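First the structure, then my questions, so here it is.
Each chain gets a letter, A, B, C, D, E and F, in the order it is written, and its residues are counted from 1.
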Amino acid sequence: MRDTVMEYETSKVLKFAREGKRVDGRALDEMREITIETGMSENAEGSTIVTLGKTKIIAGLKVDIGKPYPDNQDEGSISIGAETLPLAHPDYESGRPSADEVELARVVDRGLRESKAIDFKKLCITKGEAVWVGFLDFYALNGDGNLFDAGSIAALVTFNNAKLPKLDKEGKIILHEYDGKIKLARQPLLTTFAKVGGKIMLDPTYLEEKASDARYSAATTDDGFISAMQKGVGGSFTLEEVDYMIDKAFEIGDKIRKQIKQVK
Amino acid sequence: MDRKIDYKKTKKRLDGRKMDETRPLSIKTGVIENADGSAYLEWGQNKIYAAVYGPREVLPKHSADPLRSVIKVEYRMTSFSVPQRKRPGPNRRDQEISKVLGEALSRAVFVEQFPNTEIGVYVEVVDANAGSRVACLTAASVALADAGMPMRDMVAATGVGKAYGELVIDLNKDEEDAPDAVDIPIAILPNSEEIVLLQMDGLLTRKEWDAIAKLGIKGCKQVYEIQKKALVEKFELSEAKGKSQVAKEKTVKKKTVKKTVKKVKK
Amino acid sequence: MRDTVMEYETSKVLKFAREGKRVDGRALDEMREITIETGMSENAEGSTIVTLGKTKIIAGLKVDIGKPYPDNQDEGSISIGAETLPLAHPDYESGRPSADEVELARVVDRGLRESKAIDFKKLCITKGEAVWVGFLDFYALNGDGNLFDAGSIAALVTFNNAKLPKLDKEGKIILHEYDGKIKLARQPLLTTFAKVGGKIMLDPTYLEEKASDARYSAATTDDGFISAMQKGVGGSFTLEEVDYMIDKAFEIGDKIRKQIKQVK
Amino acid sequence: MDRKIDYKKTKKRLDGRKMDETRPLSIKTGVIENADGSAYLEWGQNKIYAAVYGPREVLPKHSADPLRSVIKVEYRMTSFSVPQRKRPGPNRRDQEISKVLGEALSRAVFVEQFPNTEIGVYVEVVDANAGSRVACLTAASVALADAGMPMRDMVAATGVGKAYGELVIDLNKDEEDAPDAVDIPIAILPNSEEIVLLQMDGLLTRKEWDAIAKLGIKGCKQVYEIQKKALVEKFELSEAKGKSQVAKEKTVKKKTVKKTVKKVKK
Amino acid sequence: MDRKIDYKKTKKRLDGRKMDETRPLSIKTGVIENADGSAYLEWGQNKIYAAVYGPREVLPKHSADPLRSVIKVEYRMTSFSVPQRKRPGPNRRDQEISKVLGEALSRAVFVEQFPNTEIGVYVEVVDANAGSRVACLTAASVALADAGMPMRDMVAATGVGKAYGELVIDLNKDEEDAPDAVDIPIAILPNSEEIVLLQMDGLLTRKEWDAIAKLGIKGCKQVYEIQKKALVEKFELSEAKGKSQVAKEKTVKKKTVKKTVKKVKK
Amino acid sequence: MRDTVMEYETSKVLKFAREGKRVDGRALDEMREITIETGMSENAEGSTIVTLGKTKIIAGLKVDIGKPYPDNQDEGSISIGAETLPLAHPDYESGRPSADEVELARVVDRGLRESKAIDFKKLCITKGEAVWVGFLDFYALNGDGNLFDAGSIAALVTFNNAKLPKLDKEGKIILHEYDGKIKLARQPLLTTFAKVGGKIMLDPTYLEEKASDARYSAATTDDGFISAMQKGVGGSFTLEEVDYMIDKAFEIGDKIRKQIKQVK
């Protein structure tokens, strides 16, 4: 049953695509509406809910004190994880991270990390002994496509607004007291496209992803860099298509960065 | 926490509540578009999403029950919902809570009507401060009603117990850490007062239990009123929309839900 | 085949229940015979076999030296695990702990821990450095229902009779030499009931559990406390039923505690 | 352990045994009610439960063998059976032992009689002191006979090897720790002397092997006598009960067992 | 690594290569007898085995795609292929690489011709030094052709990016560690120049990308020439063997491969 | 399909066996050709590819600095792992180690370890503080039977040729520089036989293994010791058969050791 419905819906997406249209009436290069809320989790050092159309994601950051790695005595660390909760879509399953979840987490992670937005040296407390170790995890609460961009926005906003815990004289964390922030050097954001029936669609929905041949994401920064790329799914892109998407990614990235600036 | 706190003297609780006062509780339905039913609940600092999918096919098939639908609850916490980061994957506590929540909900739903199927109930704690399991059960029950599931009754739940020398309802984290703390998650079908969840930790006399049990049932009934309100709001909202596109698409489901709500009310 | 037999057997249990009877002739509030043996495992710091009718459980305690937790510098720790071995019943499976096994272990654990029977401060060897870390594991050897109570008895008796290892001058364990015991502050015991065909049955067999709507356990102590409760299975209890079962739990608990006192 | 111990001088072993003397061994059948066959064995300090379930359906089905029953052995140790607490779940040693025990038992049972089925053999070590694998194999074989399984022969097993300068039978833990220790688990079908289990660790000359092999077969045969005794006791016990309720219920099974025992004797 | 290295000054790279020069690359087919197709590749220090099995049945069946064959890639590294021992089992990086390699190959193979099947592609890195994923993709593509798989085109891959101030092709480990390093794995179908793999890490201007993209496509085409050579050698070899025993046994497969090679050439 | 082909092939092996012959024309006590290559992995401290007929195995050793075990303060350690990669045979599966892989690794490990070929005391760097910890892993690249002997040869040659890393003044490993070797006290090698249709066959192929009733391996050393034995598969051997195989194992072991000596 579900399969049949799904097949009908994706074939509809394809039919629309052939005419350069989208089922939800958007232009091919139109982003869905984005809303951003922060601070819902008091136990987190930072938390954000992003909705992107019907897609809804929550991200949260926990920060703890850890030992530095032997070869980076004066650097803290950040890990990013992603879960597509079975709460969020009938197709999502619980259990060990799927290849999709691993890719999602790693692409969002790289977009941030490789842009050198985070200065890991500033996460050092005492060289060789104590550093900040951050875990940012984001979870799909409702899945309707483009978890990459929603996750990327949620992660960036969470870092922008995160507070570092206050330490007592013995260097232990004082619960629910804070002292300083994680200042980002730049603002990297992913922008994702799907190729559906030969057309490039910005910000694909779940159905558009199902109907798509290929996916492409680029992370752009506010100071004009590309900081990550990822091509996915079994199809291909021409170099011209990639070039078009990079330009568009800069444009869209700047727009969203403006919106993010309003978030306190 | 100062170990000399004495509620018998202070007469009110650390957060200013009366002994039989529940923390602020609000519930909203229909928060997860993809789900057949869903709820978002805030209870004190606790923040919880609940979603219901089903009844749906069970895989692998041999794990299905030919006489009833199996309610499968997954209780999870985000890594950032607690002061100390929670590792990914369910721990033993999560597994036990999932089990007892599923058992509690099984009594409320007419599971016999959907043999060989599964009803997936997913609850995600995004912020926690004592009492997350009863908060989840409360949210899950509303999500089941939101899904139009035929129900014998709602499941209303609360924490109840002892802290700093007094019997109290709905313990928060500071009270759970009291030296004499006893925390009792309890859930009932509010109309029949059947007990469907009951767990207890700590030291309690027989006499204290009697008072606590009454307090617990009282607490559950307070919770029930808020559950009903959430469902009525949803119903009124969908009524108000009249013949709008959305309402039309969901017409069958709404009707079923209406029935459930009425049932719950009578 | 097995399923058909099982169905016939449980329907028989239900038929008997409706008349207030039990298939094995016991009264509804009658416990099966209990036998207790100790000390079978020389390598354990304590070990016990409990039979409860045809149910048979072995428990053993291993004690080792460990580091205290950072926030409890002067306290040792105890963990309790449970396994329903495939050896013990055709329905039991090996592999990762099932939800049933997790619940069983945790309810027995809480019954002991939350009664404050064990003074964890007495398990401290050197503050901040070395503490006793105990692992009590129990295993079903033959499963015929009410593993909760059998496990609870086995755990309590094991702790009552356990010996702490002797330490040499360097603070290392001397194998097979002992020095002192773990003294319990009170004697908590679980008592479990099943609701079968509307009747409350004490100490259910495997078939009675299969036929039951609901399960209830209470842990009682020798000094008059309830120290744990757990309701299980998909049905419900009235408050009156719970009150009845608590009273009965105290009565049965006291009886078994008397028997346990005889165990050396 | 003093490294200057020399069995050539002491002429007897650390625990007083002669070189070719087995530690005290006793076996009892029918100790696990739910099982189709079972045994409890004490061998020196080793204490072992063995249970047999089957032949029974294999799940998933595609893992069945259309020509024979698959004997699936699970060798496990309780966490408290060894001086250093054993973690839950099978380690690599447990996996290997399970494999070789299953292979050894496959030769003894007429597995061709039950195609597409599985015979589950579960052995649980509750106390251990060297030689637990051969003790488990010995117990499992008795449990299979107790289950009335049609058998070519029993499987009788022992440890044999070298310690403190002498060839010895049934090494204990102290002997396993000898600097020159060689421990060889061996199992045979006692009537045909077919070798069905053979493992070896350590340094051994060709000549030592010759003597050890003979010693091992001798040891296995001693074990076999005790296995037979356990089965005869069981048979006599069930005979004695005559037409009692218990005997009646199990009548079919007992007969099969009798046959097995006779077979084993001839 | 000296952080003051400047390729703009040195005009050649740390290992003596020109900016647009690929490390020595050689490929051999038919190296794994059991596989339907296989390849061994050395690319600089990288050493890789690739094997293809299939199209074959998918288990469990419900995971099959009724419209196409699913290409399942497993990218693995031996524990000793990297300076710091790699633990057994796939890590998150391995999982992601397996996924993107499978997606890249899917475009090259006519997967629609084998619905409900799976093509297993296994790549094992036995020595690594930057660029192992593109090396694996290059090897896997040759192994698919060696298996006689009907293909739209080969997949040719390379690393390309930036190091020590210059845009370079095929970064090695020392260059990957450059402070300004940007490493871009790219793969194309060489005849249509369709991009089937593209990943990027680091900071790059829009302008740099334009130059790098051209460089990358150039690099892929160099790789493609070597892939063709490997397949031609194999074809000539099998031609040379004429009516030998080996050739006869594999006759059907060879023909298919020939077709592929021709296709690739035109 | 595969199953039917397999059945035909194994029945052919059995038919040949009954006449004392082998499908590939070898004598019953004839080994397949062995080739040995070393040093292919620059990142390994030692690596070897062994081909045995069509069976092909790669072994590699990684050495790192670790802490000694508390009860062996002056000894390093060696672990041996084995994987039958799905790359190497259509029947091999990925995932957690199968019982076959575990046995393979453990038998090769014991053959080496129990012969006392490796002096673990010589792997000590600083007593109680730093020791060499070696991991030798071998992988089937093409599986055509007798992975035991191929693995045993690969492991032995790898140890014979392995280099220990050079340490800097702070005791850290200098990458790709070496200093000293692991000298073996003796040269243990496994020799494996299968019993097929009542006949003892040396060095069985994959098909011969499939058709076999029982398997036997003995490890022999150059100074005349047996250092390990392992019987496998569901059948049995007579003592005479075992004796024959031990003698043959010494003979074959000596031959292969001669070949190994040529390897640099």
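Here is the rule we use: a residue touches a chain if its C-beta (ideal position, glycine included) is under 8 Å from a C-beta of that chain, and two chains touch if they have at least 3 such contacts.
Everything quoted here is computed from the prediction, not taken from an experiment.
Peer 1: Looking at the contacts, which chains touch subunit B and subunit E alike?
Peer 2: Both subunit B and subunit E are touched by A, going by the contact rule given at the top.
Peer 1: Shortest hop count from subunit C to subunit F along touching chains?
Peer 2: Steps on the shortest route: 2.
Peer 1: By label order, what chains touch subunit A and subunit F together?
Peer 2: Expected: E.
Peer 1: Comparing centres built from CA atoms, which chain ends up most distant from subunit B?
Peer 2: Comparing chain centres, F lies farthest from subunit B.
Peer 1: Quick one: which chain's Cα centre is the longest way from subunit E's?
Peer 2: C
Peer 1: How many angstrom between the C-alpha centroids of subunit F and subunit E?
Peer 2: 31
Peer 1: What is the distance, in whole Å, between the centres of subunit B and subunit F, each centre taken as the mean of its C-alpha atoms?
Peer 2: The mean C-alpha positions of subunit B and subunit F differ by 58 Å.
Peer 1: Taking the mean of the CA coordinates per chain, how far is subunit A from subunit E in Å?
Peer 2: 29
Peer 1: Listing for subunit C: what residues touch at least two other chains?
Peer 2: 97, in rising order.
Peer 1: Write down the ring's chain sequence, where subunit E leads and subunit F follows directly.
Peer 2: Ring order, starting at subunit E and heading to subunit F first: E, F, D, C, B, A.
Peer 1: Mind listing the subunit B positions that touch subunit A in their complex?
Peer 2: 32-35, 45, 47, 49-51, 53, 56, 74, 76, 78-85, 88-89, 120, 122-124, 126-129
Peer 1: Show me the residue ranges of subunit E that touch subunit A in the complex, using the header's touch definition.
Peer 2: 92-93, 95-96, 98-100, 103, 106-107, 184, 189, 192-206, 209-210, 213, 217
Peer 1: In the complex, go through subunit A and note every residue touching subunit B.
Peer 2: Residues 40-45, 47, 54, 56, 58, 60-62, 64, 81, 83, 85-90, 94, 96-97, 135, 137, 139, 141-144, 175-176.
Peer 1: What residues of subunit C sit close enough to touch subunit B in their complex?
Peer 2: Contact set of subunit C toward subunit B: 97, 99-100, 102-103, 105-106, 110, 114-116, 216, 218, 221, 224-239, 242-243, 246-247, 250.
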